[in-house]
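One chain, subunit A, appears in both complexes that follow, with subunit B as partner in the first and subunit C in the second.
Right, the complex of A and B next:
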């Protein structure tokens, strides 16, 4: 009997372990994949939880996509880790006509990965494509001030603007405004096989498994020391950490503060980088009952941001307002008709809008899974907090591609989101909240006042006056509460101790991989 | 056949069956069965208490001030990252899991047994079609098939139950078909045929009761496996959806908290073990009670 009894318990225990492990493994890659044994100096494996969703830099919205395509494509200018702009494909630039004309001198001797020479015609074709509504370019509205592009010669580009545009260079530095080969645009092959001027060329992509980049030997800045970079998809962050400890990867990007806090020992180095990106609850103000400002304001008032940080990010975050650039350090909540977490005031606002216990607000929130670790937890905490004022929030989990599709189609009431930030407030919000903005429909708010304010701030050339205008933008956003801005977190990079030269960027760019080495 | 002859026809099957009372006594007399029943009774009682609100905490209620506190008189099994009581969530999770698996196994047992008995009794094309259909379903790994069904149907507990039922139906087809092949040539069935009994009567009153014993044992074992399948689906995000508690979901959430707060994993994992072991032992007891060749241990 003892034998039978012990066997039963042992069998059940093993079955439990195998069942859960097997289930987990059935849809997840092993952290110790084949690259684990081949990670010589030529292969640099980066683990991350999510895959890219497309290959067109002008239409990329997912972090992983932007991060990856940023290594393949070049821009006229690029920002460094402090936000300062530097030459990239343009070596210098100058303003004329009160800031309404910008002339760029382009770098000579640059070639695309397919061997085509880079000229001003490529930049002109890229800007034309970005401004074409059919492209659905993410950065279209950020470049809407460009009224004409002249190419006096192959290495000179002149942009004519409606008005001075303080955010223009930041907009041009974004991966979403990457310079494409004019021939690819004419042949309509953009998004099929990436062909840029960046430090790495596209190798191969096995969806949801891995993506390989090769060092571009002809890169104008010198060939990167990493011959091959492989992005490996490991959907589970604890597995990524285990893989780092087992030396299966040289680097990893993770987003869960709880996992980051477990990094210890000599095998893994943790690098924390305060991010410009921000966590928010987007509200679709084009749908009832969120078309009533009081309902949106009630939601914004009810949410205790610090509680979200405590429960979701293990305290590792900072309450933020809409503008996250360190150069514009405003109060995170000034403009709200209440203090954050004031459920009494929130209840009054809801009652004033005709809602209450007998007529509750019911919302369905889309929550992305895969791109960052804290999304579902954020949804759960927001759900609990809004329940306190009688709002029923139903969570609908979606994988990245279906989440992005639903969001772009404005097919949501609320969306738990992690949005990319920028050094320029206009680059962050012009596309969402200016009239005709490229992401104005999914952003869910149409406010002519806010649009005018954003445009005025962007066109202001006096720094102090611009600072004041952006403060008004921030307060207006908080007053209208199209979204509930929650917090800014940190980005976490796990590095093998043998990795040198990598510098994290506040905008999650991996551009310093071009200068990274192992050994 | 006249009414008199029908009344006089012997019911061969009934003499070989065991009554409910005898089965229960048989299970209790078997040590494994008794332990299994005891484990299940205990956890069922706690699950019932949790879902009826007899436990002191709300399974969804967040108390951020008490987040990640260890076991204490206030929180018997500690709290999770939101300050939710793990004990309450575990027992509500057990109830949620059982709700899914009981429905799933009921569907699978009913469908599979009817299909298996019919195929075995009728033979020919019916047997070939049912047998091949079961083979096709068997060809897929269980969890993969369940994931495919859930992906197709959408999330939710009923769809999860249907997915698990699809996975377990061919097991019941096989378990019931084999004995039926033996029983259909038994003398009492042949006698029934000679006496002109309808196929339906032969199936329902003479064949089915005599293949019931292995099916009943299989039900207990399938409940045990189905708990694992349901937990695995929830672990992967395809079963119960947050914030509703589920054992698999709690295990998934606890992965990142294992080092700072091991209690977040221990409670749901232990509950899965207790339920799985309980059903396994109960199945063992049922086998002892129903199989005349195996005596109580």
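Right, the complex of A and C next:
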């Protein structure tokens, strides 16, 4: 009886499993992966691990949010993949009064997705909202130089500045400085239903599931070829790769080099794009013994950057100096008192500062766990490399909240960090290394010379002269070695071979989806 | 159940839920950081004082801790589970979307794992110490030893490589929309969860069965000449039912608490993912209310198990 009963149970279980598996396979979703949805030619499914967190571009900081809202909203200007600025909602702009007045000519015939015409009043209302502290916009500090906004007519906008500010245009090109509909601002509906001037309009959002965008037929640059773009949340990167292999998605973004290394075969094309963000070992120059420039320089000299890339990122990355914008492509090490990885010179510098085998340098480094895949491995590699010159680096692994708390309070000797980059060198470093900069405390260095140099470069309106000044900034940073700049990691894009026209951007923008097609 | 028993049970449940809410509230506030640093990371250092104050007001963390707790508790008692500071959605609607996914996953895993576990347990216990017993025990050990993330990842990779199939390629389809499409998405994660479930149930079944098989009444039944299969099913397995039912209830309750890893691998929008994201974002209302609901369900499941004891064993009813 027991055997019969057991067999019945087993048979029923197997039948259930096989039946359901069969049902699953027979109900295999369309190539676009949407059950019961539209056809493959109209849907473009992008898999990524994280969802957007809000719908208000002015408060956007998470890169998924910035990526997505960047497709819905427009800006006065936008940067291309080389960091060069181009017209967007402003067709041209000119400087007067030694750079203290900027006049924009705005594009005509543009409409928001709800049909409202775009005018200079929308730009003025957007800038006013950004400057309002109640908005809590992170971009507010980048626009603090604006003292007034005039709108002589519907298609002309005049910004009055405290001083010439070359970083301002870059700030205005960011998604978190997008142009909103003045009516939405007045009605306090921003963040409830996105309404922009970008190539795609907002469709729907199911939190932690998917978000749908529709091609904006009235887009001033011409309607995108992709009728519908769906961002699907697949939290696990190996699962994303499996989904790409199963032709379930047309595109995916991943960040883990070990997953990227597994890409093979014809079903998936891997595209690598060096990011603007950079990996660095931040040194707290306000603490002994790092307050001695020679100790910081010794550390900067000792670290073989290429070894870090090879070890922790499977070779995917590019050795970088402080400035990561492709428009300012300087030597990554010129300014250092040595070549990178020169342990002999590093030892000499340490000895000159009074350190050696009998009196070793001991440092505590905070390492953020969980936020990006390579953090701990980077710390371990740096620990091993610095050991070669007698520096004892103790790694203190912290979850993001603890890490941020200690980082903001500069409660560390060293910090293994992945910092965001920008096309504008001033936007990247003004907040760290200018006097009174908002992140001056965690930056760990107060140098009046460097501060003056950064401000001069930002206020310079001549491109060639500015280029030279930023080169001096880079060399000064490497000379002072407040941090050890390591490498720019690669962002990974997985594409179906049928996708054409997509160009990855160093700032992770997906703006080229407007020109992408499938076929 | 008498009226006194019911009152005692309800009172205990309310006290348990109150205790859970206090513990969760304190633990959440004891975590380093807040919703602002969770959201902005190192960029939160860019905010000036006024901006920070505005954000603290927005997230409701500018209030004293007691005011925060009692404000939330008052809302919950009036049927309002609060609003997510992260997304602006009501927690009730978020749970209404996530809970059915997890409940269905738990039910499916139980439907697959419990019968398999009982069957294998009886199979092993019927021939203790024999190759079949050793084999089944070895398989159960393997089922417990292999982490769910390994099993899930391998299953996803094999389905994609060998069959060109990814179970959760499309948007999640609720059971009410399409049974076949829904089960196509749910069967694989449920099967992964069922492996460990079956292993645990198998071990409990085996030991309970062996214990009962040595009881005097079993020997009496055998002595009376009852068929061996009838003895095994009606006398041994039936009387071994309580520990088996207990372990099934406990495992089912744990599954309802969220199956984060499996939900992550199979991209299922269940309670586990909801809770994980809320904890990472310091979304206090979502964490507190979700944990409270999970605790309430756990208590309910225990109550159902207790009631089933009475069905299985008349002595419980009488006592």
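By our rule, the second predicted complex is superposed on the first by the 286 of 519 C-alpha atoms of A that agree within 3 Å, B and C clash if a C-alpha of one lies under 4 Å from a C-alpha of the other, contacts with A are read in each partner's own complex, and residues count from 1 in each chain.
The criterion applied here is as follows: a contact is a pair of C-beta atoms (placed from the backbone, for glycine too) under 8 Å apart; a residue touches a chain by one contact, two chains touch by 3 or more.
Nothing here was measured: the structure is a model prediction, and the numbers come from that model.
In the superposed pair of complexes, A:225 makes contact with neither subunit B nor subunit C.
Contacts of A:258 after superposition: subunit B is touched, whereas subunit C is not reached.
Once the two complexes are overlaid on the shared chain, A:100 sits clear of subunit B and of subunit C alike. In the superposed model, A:160 makes contact with neither subunit B nor subunit C. Of the two partner chains, neither subunit B nor subunit C is touched by A:287. Contacts of A:383 after superposition on the shared chain: subunit B is touched, whereas subunit C is not. Once the two complexes are laid over each other on the shared chain, residue contacts for A:209 go to subunit C alone; subunit B is not touched. Of the two partner chains placed around the shared chain by superposition, neither subunit B nor subunit C is touched by A:476. Counted by residues of subunit A touched, the larger count belongs to C, out of subunit B and subunit C. When the two structures are aligned on the shared chain, A:140 is found in touch with subunit C, with no touch to subunit B.
Taken together, the two structures place residues 1, 4-5, 9, 12-13, 16, 20, 23-24, 26-27, 236, 238 of subunit A in contact with subunit B in one case and with subunit C in the other.
Remark: subunit B residues 31-32, 35, 60-62, 64, 67, 81-83, 141, 143-144, 147, 155, 224-225, 228-229, 231-233, 235-237, 241-243, 248, 251, 255-260, 269, 272-273, 276-277, 280-281, 284, 297 touch subunit A in the complex. Listing the residues of subunit A that touch subunit C in their complex gives 1-6, 9-10, 12-13, 16-17, 20-21, 23-30, 33-37, 45, 53-54, 61-62, 133-138, 140-141, 191, 206-210, 230, 232-236, 238-239, 242-243, 245-249, 371, 399-402, 404-405, 407-408, 419-420, 431, 438-439, 441-442.
Residues 1, 4-5, 8-9, 11-13, 15-16, 19-20, 22-24, 26-27, 236-238, 256, 258-259, 261-262, 307, 310-312, 314, 369, 373, 376-377, 379-381, 383-384, 395, 397 of subunit A touch subunit B in their complex.
For subunit C in complex with subunit A, the residues that touch the partner chain are 31-33, 37-48, 50-52, 54-55, 58, 86-89, 94, 97, 111-112, 115-116, 118-119, 122-123, 126, 153, 156-157, 159-161, 163-173, 178, 180-181, 183-185, 187-188, 191, 227-230, 232-233, 237, 263-267, 269, 273-274, 277, 280-282.
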